[in-house]
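Next come two complexes, and both contain chain A; in the first it sits with chain B, in the second with chain C.
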Partner chain A sequence: MAGVHLKGIVKRYGKGDPVLKGIDLDVEESEFMVLVGPSGCGKSTILRVVSGLEEIDSGEIRIGERVVNDAPPRERDIAMVFQNYALYPHLKVYDNIAFGLRVRKTPKEEIDTLVREAAELLNLGSMLDKLPKELSGGERQRVALGRAIVRKPKAFLFDEPLSNLDAKLRVQMRAEISALHQRLKITTLYVTHDQVEAMTMGERITVLESGEIQQTDVPMGLYERPANRFVGTFIGSPPMNILDARLDGGRLAVGECIFSAGVPDELRNRADSRGFLLGIRPEHLEVHDRPEGLRATIDLIEPMGGESNIYLSTGAGRVVATMPGIAVRKRSDEVFLRFDPAAAHFFDSRSGVRLGEGSVPGRSG
Partner chain B sequence: MTKRALKSALRHGALALFTLATIYPIVQVVSISLRPGDRLYTTSLALIPEGASLDAYHAILFDKPFLLWMRNSLIVSVSVTIIGVALAATAGYAFARFRFPGRGAGMLAFLVTQMFPATMLLLPLFLLLRKIGLVDAMPGLIIAYVATALPFCVWTMKGYYESIPVELEEAAMVDGTTRVGAFTRVTLPLSAPALMITALFSFMTAWSEFMVARVIIQKLGLYTLPLGLESLAGTFQTEWANYSAGAILVCIPVVALFLALNRYLVSGLTLGGVKG
Partner chain C sequence: MGSFLRRYAQPYLFIAPAAVVMLLVVLYPFIYNFIIAFSNMSLYHLRNPEFVGLQHFRTIFTEPEIVSVFAKTVIWTVVNVAAHLFLGVGLAILLNQEVKGRGIFRALLILPWAMPQYITALTWRGMFNYQYGAVNLMLRALHLPAVPWQANEYWALAAPIIANIWLGFPFMMIIALGGLQSIPKELYEAAEIDGAGWWFRLRKITLPLLKPVLVPATVLGTIWTFNNLNVIWLVSHYGEPADKTHILVTYVYKAAFHYYRYGYAAAFSVVIFILLLSFVVYFLKATGEKGAAG
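Our next item is the complex of A and B:
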């Protein structure tokens, strides 16, 4: 086992703009690192670069102690699970799992022991004689996992392994993969575009956008201190609301509403009255009837069971609020929105970079 | 009769007609080969003629150098098959998986050669072979046939490879194979139907070809089956029964091959359109 370390990775396809624009990423030994980002941001490319399927234009890739920039995939001793499983259609489950061992000339008896061990672990015992096409999606996924773990590689790479499964199976496999990692402690780089998957599975999460790393942190770190507007809105569901805000006589103002409390020093020190962005998560928005805070009109209510998402229009833009229970209000109701500025995030309106958060000492009511 | 039944009857009627048209000459040849003497024309409609005998088969097998022709044809056809499949399997792979200068031009060139009738290529082919001293030699004939069969075979293989997800090879390489290993362990076994088509096509190209052989081969000892059969049709007199018997014998291996590969052929011919 070994850590995976990327330093200044630049990757171009053809002559265009680089797809990866200088990636620095450290996956520590035994760590479960999730790589998350929107479609086309370069997640798969990072995995392909680490696995050696794609060459890099500059930078350094290290697996354990070894710099593998020029090593072909077979010498990197990593395992990869593909989105569409990529099981060998002409081989039975047993042979699919044994493939990597056979290629590496492992003795026959040892292969048999290892394959059966892996099958046991993944509940594949009864399927060893089947062909991939005779399996369900979840079973195929497990075979792909089996093929990866049986070799005890230095690191696992997963490329959206659950995206072809239905919702229920996805939740189940999510737990299975996490449990597997708990057990085997193999260094893992797991790609997904699903932020729920990222939050629930990752020990640490790296958020990627347009070929650049936006932030790497533990899940709650990303949630509570997003480094920029992109991370703020990408992590969390429904996404964080972003509103135009400004300073009015030193006080925080959003739309027609002026708050009395809690503006971080970084903001107060900005001499100009240039606007900035205020981010507030749906669960921190309080919908009520007293004429206090932002005036809003309800556009849509989505009952989610335990809670409801309420979509509203305000003078400062459209927002969504999450309320526990079933909402008693209905469409077109006039309401007011209140929030604790201490729970708010502030971003530069041009660069989107984090400016600070609601003044923590004054975090009250 | 319902409309559907009528439609079905019409369809089957048309198909039966075509089948008949295809089968009739063959039945005739069988019938002639069984006739005693060399009666080409007869008023009898009987399939198995009066006094049917296998004399013609005996004659062609043992009185004529039929077995020599058969041996020559087998050597040529099997060589063409092996060389053709090997070249098509690898060239098709390169065209399917790699981007290199001349790729588009190469594929196009292959396609263009298919548009000329083979007879048009005969002269340049002959001149080329004479330059390298392979006229009137088996390797020359083999080279000519491989060259004729290759374009179709390469296109077939390329199309088939493109229907195989690249991820399978990538998975194999991450699993520890070289690129060549991924090709031989994963891509080739999955390409069995296309390989069969390619093999059969190469074999057929060589087995039943006459024109090219006529031009390249002169030595009697190098005659292939089509050349040998044609030699039975003498200038003044043709031994029709022997000729027919020979034709039937020539067909048998091909029919056997088709029957054996039937399963692959059907799946192979419908391939390419379906991914996955």
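Our next item is the complex of A and C:
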């Protein structure tokens, strides 16, 4: 087992713009690191570069102590689980799992022990004689996992392994993969575009966008202190609301509403004329009837069971609020929105970079 | 019954013209062949053939050349099909890689197939001419002895085999290329990460996954080659030297259309048909079982 360390990785396909624009990423030994980002941001490319399927243009890839920039995949001793599983369709489950061991000329008896051990761990014992086409999606996924763990590699790479499963199975496999990691403690780099998967599985999460790392932190760190507007809106569902804000006589103002609470020092130091962005999570918005706060009209109510998502239009833009229980209000109702400025995030309106620490002076409690 | 007719009359009407033509040009000659196989129809008995029972079959199996003709048929078929498979699959693997000018190579390699067999066969015959043929001219230029392509019994068989290999490999190549392109590239990547070299990947992934397309192609190729009259007939100029260069079909063809032994040739055709039929049944069974066992 070993850590995986990327330093200044630049990767281009052909002559175009780089797809990875200087990636610095450290996955520590035994860590479960999730790499999350929108489609096309370069997640798969990072995995392919680590596995050796693609060469890099510059930078350094280190697995454990060894710099593997020029090492072919087989010398890197890592295992990869593909989105479509990449099971060998003509081989039985047993032979699929044994494939990597056979390549490495492991003795027959040892292969048998290892394959059965892995099958036991993944609950595949009764399926060893089946062909992949005879398995369900979740079972196929487990075979792919088996193929990865049986070799006891230095690190695992997962490329959106759950995206082909239905919602229920996805939740179950999520838990299984996490449990597996708890047991085996193998260094893992796990790619997903699903922020829920990232939040629930990652020990740490790296958010990637357009080939650049936006932030690396523990899940709650990302949630509570997003480094920029992109991370703020990407992590969390429904996404964080972003509203134009300004300072009015030193006080925070959004739309026609001026708050009495203070703002972080960084904001106070900015020229009053320049606007900035205010980010507020849906669960921090309070919908009520008293004429206090931001006036809003309800556009749509999504009952989710335990809670409801309420989509509203305000003078400062459209927002979504989450309320516990079933909403008693209905479409077109006139309401008011209130929030605790202490729960708000502030971003530069041009660069999107976070302003302040998020803890506002004068925050109650 | 009425409702059946009402329901299916239209589709049957549509396929009727094709079905009638098929019956006339395939089924009728096929059955007629069986009938005259048991008669003494020939140039002398063209209008008044008589039933002679198994007489032709007895003649066929006591024919002095039969063993040699059969052996040459097997050699002709096995060498051709093996070469088609080897060249076809090999070239397909090369063409399936990302090489510059892949389109040009692909077009060039399909060319032999795009030409009419007749033209190709006659051209090869010219090229195998002892004195002026391109093949011997090239051998001489390389200071190698000229080969008696048309005078020696063995070289005379080798010549049409070479011509037919050239003619036939593009078919296998196209089939294999189609098969290769349907193999997901992740399988190779997974194997590569597992540490498999190209030889291991070829044996454990490419070939097994090509099998479903190669088995029917091999069956077809075998039947076509076994029954390929044009190439060997034209390149060897009707079986020269001295009727030594024959496979079963050219032998039958000569018996029927040069010596007018219709009944005899028909009986021989029945033998060929049974031979091929048993081969196909056996081959499909054998490969099918292996397929199921992985």
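Convention: the second predicted complex is superposed on the first by the 358 of 365 C-alpha atoms of A that agree within 3 Å, B and C clash if a C-alpha of one lies under 4 Å from a C-alpha of the other, contacts with A are read in each partner's own complex, and residues count from 1 in each chain.
We adopt the following convention: a contact is a pair of C-beta atoms (placed from the backbone, for glycine too) under 8 Å apart; a residue touches a chain by one contact, two chains touch by 3 or more.
Quick caveat: nothing in here was measured; it's all calculated off a predicted structure.
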Overlay on chain A: chain C relative to chain B, clash or fit: clash
Which superposed partner A:Met80 touches (first chain B, second chain C, both, neither): both
First (chain B), second (chain C), both or neither touched by A:Ser44: neither
First, second, both or neither for A:Pro89, with chain B first and chain C second: both
First (chain B), second (chain C), both or neither touched by A:Thr314: neither
Which superposed partner A:Asn228 touches (first chain B, second chain C, both, neither): neither
First (chain B), second (chain C), both or neither touched by A:Arg104: both
Common interface positions of chain A, toward chain B and toward chain C: 51-53, 72-74, 76, 78-80, 82, 84, 86, 88-90, 99-100, 103-104, 147, 151
Complex interface listing, chain B residues touching chain A: 165, 167-168, 170-178, 181, 185-186, 189-190
Sites on chain A touched by chain B in the complex: 51-53, 72-74, 76, 78-80, 82, 84, 86, 88-90, 99-100, 103-104, 147, 151
Residue ranges of chain C in contact with chain A within the complex: 184, 186-187, 189-197, 200, 204-205, 208-209, 211, 294
Contact footprint of chain C on chain A as seen in their complex: 51-53, 72-74, 76, 78-80, 82, 84, 86, 88-92, 95, 99-100, 103-104, 147, 151
